[in-house]
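Across the two complexes that follow, subunit A remains constant while its partner is subunit B and subsequently subunit C.
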Partner chain A sequence: MADARTPAAHPSRNWARVRRAGLPYLLLLPAVVFELLVHVVPMLTGIYMSFKHLTEFFIRNWSAAPAAGVDNYRFALDFNNAVGKQLLESFWTTCEFTVLTVGLSWLLGTGAAVLMQDPFRGRGLLRTYFLVPYALPAYTAAITWEFMFQRDTGLVNTLLVHDLHLFKTAPFWLIGGNSFWALLITAVWRTWPFAFLVVTAGLQNIPGDLYEAAALDGAGMWRRLRSITLPQLRSVNQVLVLVLFLWNFNDFNTPYTLFGNVPPPQANLISVQIYDTSFQNWNFGSGSAMSVLLLLFLLVVTAVYLLLTNWRRRSSDA
Partner chain B sequence: MRVSRPALLTLAVATALLASACSSSGGSGGTGSSGSAAGTTLTYWASDQGGSIAQDVKVLTPELDAFTKQTGIKVKLEVIGWNDLLNRILAAASSGQGPDLVNIGNTWSASLQATGAFLPISDDVMKQINGTGRFLPGALAATGAPGQPPVGVPIYSMAYGLYYNKAMFQAAGITQPPTTWDDFVADGKKLTKAGQWGVSVEGAQTPENAHHAFTFAKQMGGSFYDSSGKPTFDTPQNVAGIKRYVDFMAADKIANPSDAEYSNGTEAVKDFATGKSAMLLWQSADATLAQYGMNPSQYGVAPVPFDAASPSGPNHVDSIVAGINLSIFANTKHKDAAISFMKFMTSQQTQMDLNKAYSSLPSVSDAYGDPAFQTQTVKTLQSVLANSAAPMPAVATESQFETVIGAVVQNLFADAASGKPVTDASIAAQLDQAQQKLQAGG
Partner chain C sequence: MPRPPRSPLAPPVSFVWTRRIALSALGIFTFLPLWVMVSGSLKPLRDVQAAWSWIPTNLTLRPYVDIWSTVPLGHYFVNSLVVSSCSTAISVVIAILAAYAVSRHRFPGRQLFSVTVLSTQMFPGILFLLPLFLIYVNIGTATGVQLDGSWLGLIVTYLTFTLPFSIWMLVGYFDSIPRELDEAAKVDGNGPIGALVRVIVPAALPGIVTVAVYSFMTAWGEVLFASVMTDDSTRTLAVGLRNYASENDVYWNQIMAASLVVSIPVVVAFLLLQRYLVAGLTAGSVK
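Now for the complex of A and B:
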């Protein structure tokens, strides 16, 4: 260390400086340790696993698993093979699902937040009520939707078929093409309250005099929304959309609870696909490789998104 | 002075790594057997045999108490549902943190054997549990790959049977349960009318689907593995077998399309018990049927039909060798206590008590003296198990096989339910994909 080479003339002063400089790190240490334990170590383990042929023969002793090189990656990206093809299909399904979920959640959340902006009787109650889906545990919420979507006994078909007579024969919601919409509805129902919460918080920071000035200038509600509310919410929205995207792209609870371990092909999200590879086919190596690929993809998307939005903000601010 | 910053950071990282290394090495502790077993506590994961976890706890607790009284060994019981059991076992195997004993579906034996997670039942252990020569040969065949020491002992044996509603048969003018599939379909059509279907199937449940695919294909002379253990999914015989099963819904229209959604392993039984379907292909359903309020006098049990009137040779299969095995985790710290528990669970009295409660068949021959096992139902299923049941493929990829084939049948039922045609070509294509996935797993 550099300290050893400094002249020994002022050891006490040096020590004091070390102590002063070191204290913040010491205080950070617990946080760093936990961050490593919770995030970095499992992630590194996952990356390590992705370069191993880790199948049922080795789960008792991981270190004995033979090295795989990039075999697991080549296998996951071989789109002529059934597994690669399915991974690609589920990737597109997930993209579609995520874009729709984020879009609808944002729209509902922002709409509700804006409508709740002006005080009225019962506003607090309604705001709390809107947050219920977000407060419910994921499993409870999804299993309730699963009951509602059942063909013979579900609430959805009771309403659509028996009460409203919209269909002659009861449609399926948990299998076939409709399963995608069932998944989407459940996911939007679960995530829009978060958008609502964040946008509501963001709205509190918009100075009221902006609206007053705009009202004096004769700006209508729509104009105020477009010219004041949305631009003022930009930084909030930037984070909100990113978080919603990451959550939904990775969502495992909702599809797994709705459909069990074999989701219909039309609603096969990538996280369940990776789970199947790892835990049903007992191939933890290629499951990890898929996870690493997913991680890389999300990193790239996040980086590009942040660069783009920051650049646009800076250029519009300038 | 700046140099000390990275140094401190390095120290932090090193500490963290050390901490994590210590915590992860905790699992690989000693596995030596304890001297005196009395006073130890065993952890036992039981499978859900009674239709609900509460029911299982009710059935097992008095037996476990009797064991504690006999030996002084306490048993901590956890009953685990079928959807979680395999994952829990896998997690226990990979972390080294698990129970001492566990129930497994006997079809998983070869797969779990390959992990090395279970204690091999050597001749010596077999002697210690007093088991030599007592187990039914058929049940013992489903305890691992041939030529290797088994990784468990059978405790409950089961076989598939055709359950039929007597009153509905009488109302439709059917005097005899069908013995061929042609008769089965013809009867099914007679039994299908408003609010009632010929047969109910658990169309989205992986193991049920895989078992039926296996048996139906077998009857057509099909096989999902060749003699060297290589998968051979996409054969005309396998396609024909699976088609016959899915056609109950797709072509014959004797099964409710809603059955394509049934996934939790009880819905088809419930439909049968509550008079929504007249027939059911199931293994040892009595206990579950009773739970849904069906009286044993209301239904009959016959062997599952065959392709032709009197088949012979390798096609003479109408059930899998179904059942539950008890295995000891290789990591156990209480090996002696675990072995004495295994001895207790396979003893004559316990076998009688538990198999009576679960309406399954004892896996040891000396337990059949009890009058409870002299009924017509038991005799039918016992004869199926002895004469026409085949074990599921004893290969290391068996559990993957169940998963991928179960998914194939589930997808085909989904197609049938939504009116899409189910053809030889569509089945073959699905089987081909499934086989690619299976080979990729290994």
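Now for the complex of A and C:
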């Protein structure tokens, strides 16, 4: 503090102070350079591209692409033409898919974690076993489900038609309306272990004497779940649900592996739709405009979500 | 036989049965695809082309031999290994330096940096894919250096997700290391860099290994960038497995065998490190 008032105290001490103040920036330098390189520059480029008529003729020479104004946005949001209509439909499909996947995964993950809160024989082993789907590379899980959903050679139809006699004729799972459910089941299978993992960790941070006190007061299992477990998990859940939402809304690996380039319209998620617009039709301008719109949507949802949950948290704490 | 008296904290019988039934159902749901992978990989081709049978009748290890010759699986393996290891190594080294700065120093711009890192982790991959692809193509036209379809190009694109994740996780791990260690290092005559290298990094080693394994896994399983940014010579496993579908046949037995072979290393690594991973994931979310 003393040398803050006497800046010219000693040249070498000054130098040491500059060095100390500069050190964090020096440490951050590589991270900042790479963040600029892989995030900031591409993002700005993407926004720039979305205002250009960037079709296949200009991919190798983008500076020659004519300016488009907001044409790409108008094109993407014109729900009367084919592209806009597809985008809108795929947006709704993605919303449905995301809500169901997040809801089911959260339910299964939290349910299993709560059921496994008290020790029993084999608990550690079972926990590890439940994490296997999450540890598998996304595409091997999706490929396996693709095999299972084959109409004539898959496990699912053998189970439903041959073993359980639920259907008379074997249904198709990877085309038509059922493809949505195939996608949902595959995504939930991969996602719920993550919810389980996070909630399990969250449960370990709840002090045990809360439960002991509640049990002595005669609170039953339900009452303990409602009054202790769920409120104590609130901050974990706040982050968990947001992360699950963002992952599934942006999911590309699962639908692309399950259905290939051209998914059935009932299971056409927005990432694949943008990918198709960009690489099947080589229309990078409108693809970029759609990406920017997607980002804006996600930012708004995230902001509203955080505001609402923080506000609820504060009002319930008060 | 008289039952022993139940303690007030012991779960009621109905709860025990609910638990058994629910966990068994989840166990079966988890088991089905795993069983399909294992048993499917042990069947000859004509058996996987017939209706699904639960128990393989003609056991064979043939698919495990054939996978290496039907498609250049070894080649894909090397590509995946190079790209995933390089992007992991680069991001872990950069992340150690950055996380040390964020965890141990207070400086203007710290908050901005943290928020940027956290938010870019959430952005959709497709948002970065199009511009990066176009930038690569145009760098190629301007300078002759071909980045699209090259290892280097893919490694850089993989940093879009491995880097923010590694920084975010490592800040959490570094925060959990007591400050007294820094002080002790200073007393021993270490500067800040000496303290990082000799004290913090060794103390955070489990965390660093976990972050490395996790970002390796993510890169290993990545499909979106790989489907656009690779060509025949740099094809990764994620895209290459598709090639088991020839024009006439889909070699499901070989696909299952290959899926198992490429999954086992990452699954084993993950399960060994899951304890540390949980600590890191919740350090971020509980704060």
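Here is the rule we use: the second predicted complex is superposed on the first by the 298 of 318 C-alpha atoms of A that agree within 3 Å, B and C clash if a C-alpha of one lies under 4 Å from a C-alpha of the other, contacts with A are read in each partner's own complex, and residues count from 1 in each chain.
Following the convention adopted for this analysis, a residue touches a chain if its C-beta (ideal position, glycine included) is under 8 Å from a C-beta of that chain, and two chains touch if they have at least 3 such contacts.
Treat the numbers as computed from the prediction; the structure is a model and nothing was measured.
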Touching partner for A:100 - first (subunit B), second (subunit C), both, neither: neither
Contacts of A:175 with subunit B and subunit C, given as first, second, both or neither: first
Which of subunit B and subunit C A:88 touches, first, second, both or neither: neither
Touched partner set for A:56, first subunit B, second subunit C, both or neither: first
Partner chain in contact with A:75 - subunit B first, subunit C second, else both or neither: first
Which of subunit B and subunit C A:228 touches, first, second, both or neither: neither
Comparison of subunit B and subunit C by subunit A residues contacted: C
Subunit B versus subunit C as contact partner of A:151, first or second or both or neither: first
First (subunit B), second (subunit C), both or neither touched by A:219: neither
Touched partner set for A:37, first subunit B, second subunit C, both or neither: both
Common interface positions of subunit A, toward subunit B and toward subunit C: 21, 25, 28, 32, 37, 41, 59-60, 62, 150, 152, 260, 279
Complex contacts: residues of subunit A adjacent to subunit C: 21, 23-25, 27-28, 30-32, 34-35, 37-39, 41-43, 45-46, 49, 54, 59-62, 108, 111-112, 115-116, 118, 120, 126, 128-141, 143-145, 147-148, 150, 152-155, 157-158, 162, 189, 193, 197-198, 200-202, 205, 211-212, 215-216, 221, 235-236, 239-240, 243, 246, 249-250, 252-253, 256-257, 260, 271, 274-275, 278-279, 284, 287-288, 291-292, 294-295, 298, 302
Contact footprint of subunit A on subunit C as seen in their complex: 8-9, 11-12, 15, 18-19, 22-23, 26-27, 29-30, 32-34, 36-37, 40, 48-54, 90, 93-95, 97-98, 100-102, 105, 107, 109-110, 113, 116-117, 120, 122-132, 134-135, 137-138, 141, 156-157, 159-160, 163-164, 167, 192, 217, 220-224, 227-228, 237-238, 241-242, 252, 255-256, 259-260, 262-263, 266-267, 270-271, 274, 277-279, 281-282, 284-286
Contact set on subunit A toward subunit B in their complex: 1-3, 14, 17-18, 21-22, 25-26, 28-29, 32-33, 36-37, 41, 55-57, 59-60, 62, 75, 81-83, 86, 150-152, 170, 172, 174-177, 260-262, 264-265, 276-277, 279-283, 286
For the subunit B and subunit A complex, residues of the former touching the latter: 1-5, 7-9, 12-13, 15-17, 19-20, 83, 87, 90, 93-94, 96, 111, 114-117, 204, 206, 256-258, 260-261, 263, 396, 399-400, 403-404, 406-407, 410-411, 414, 417-418, 432-434, 436-438, 440-442
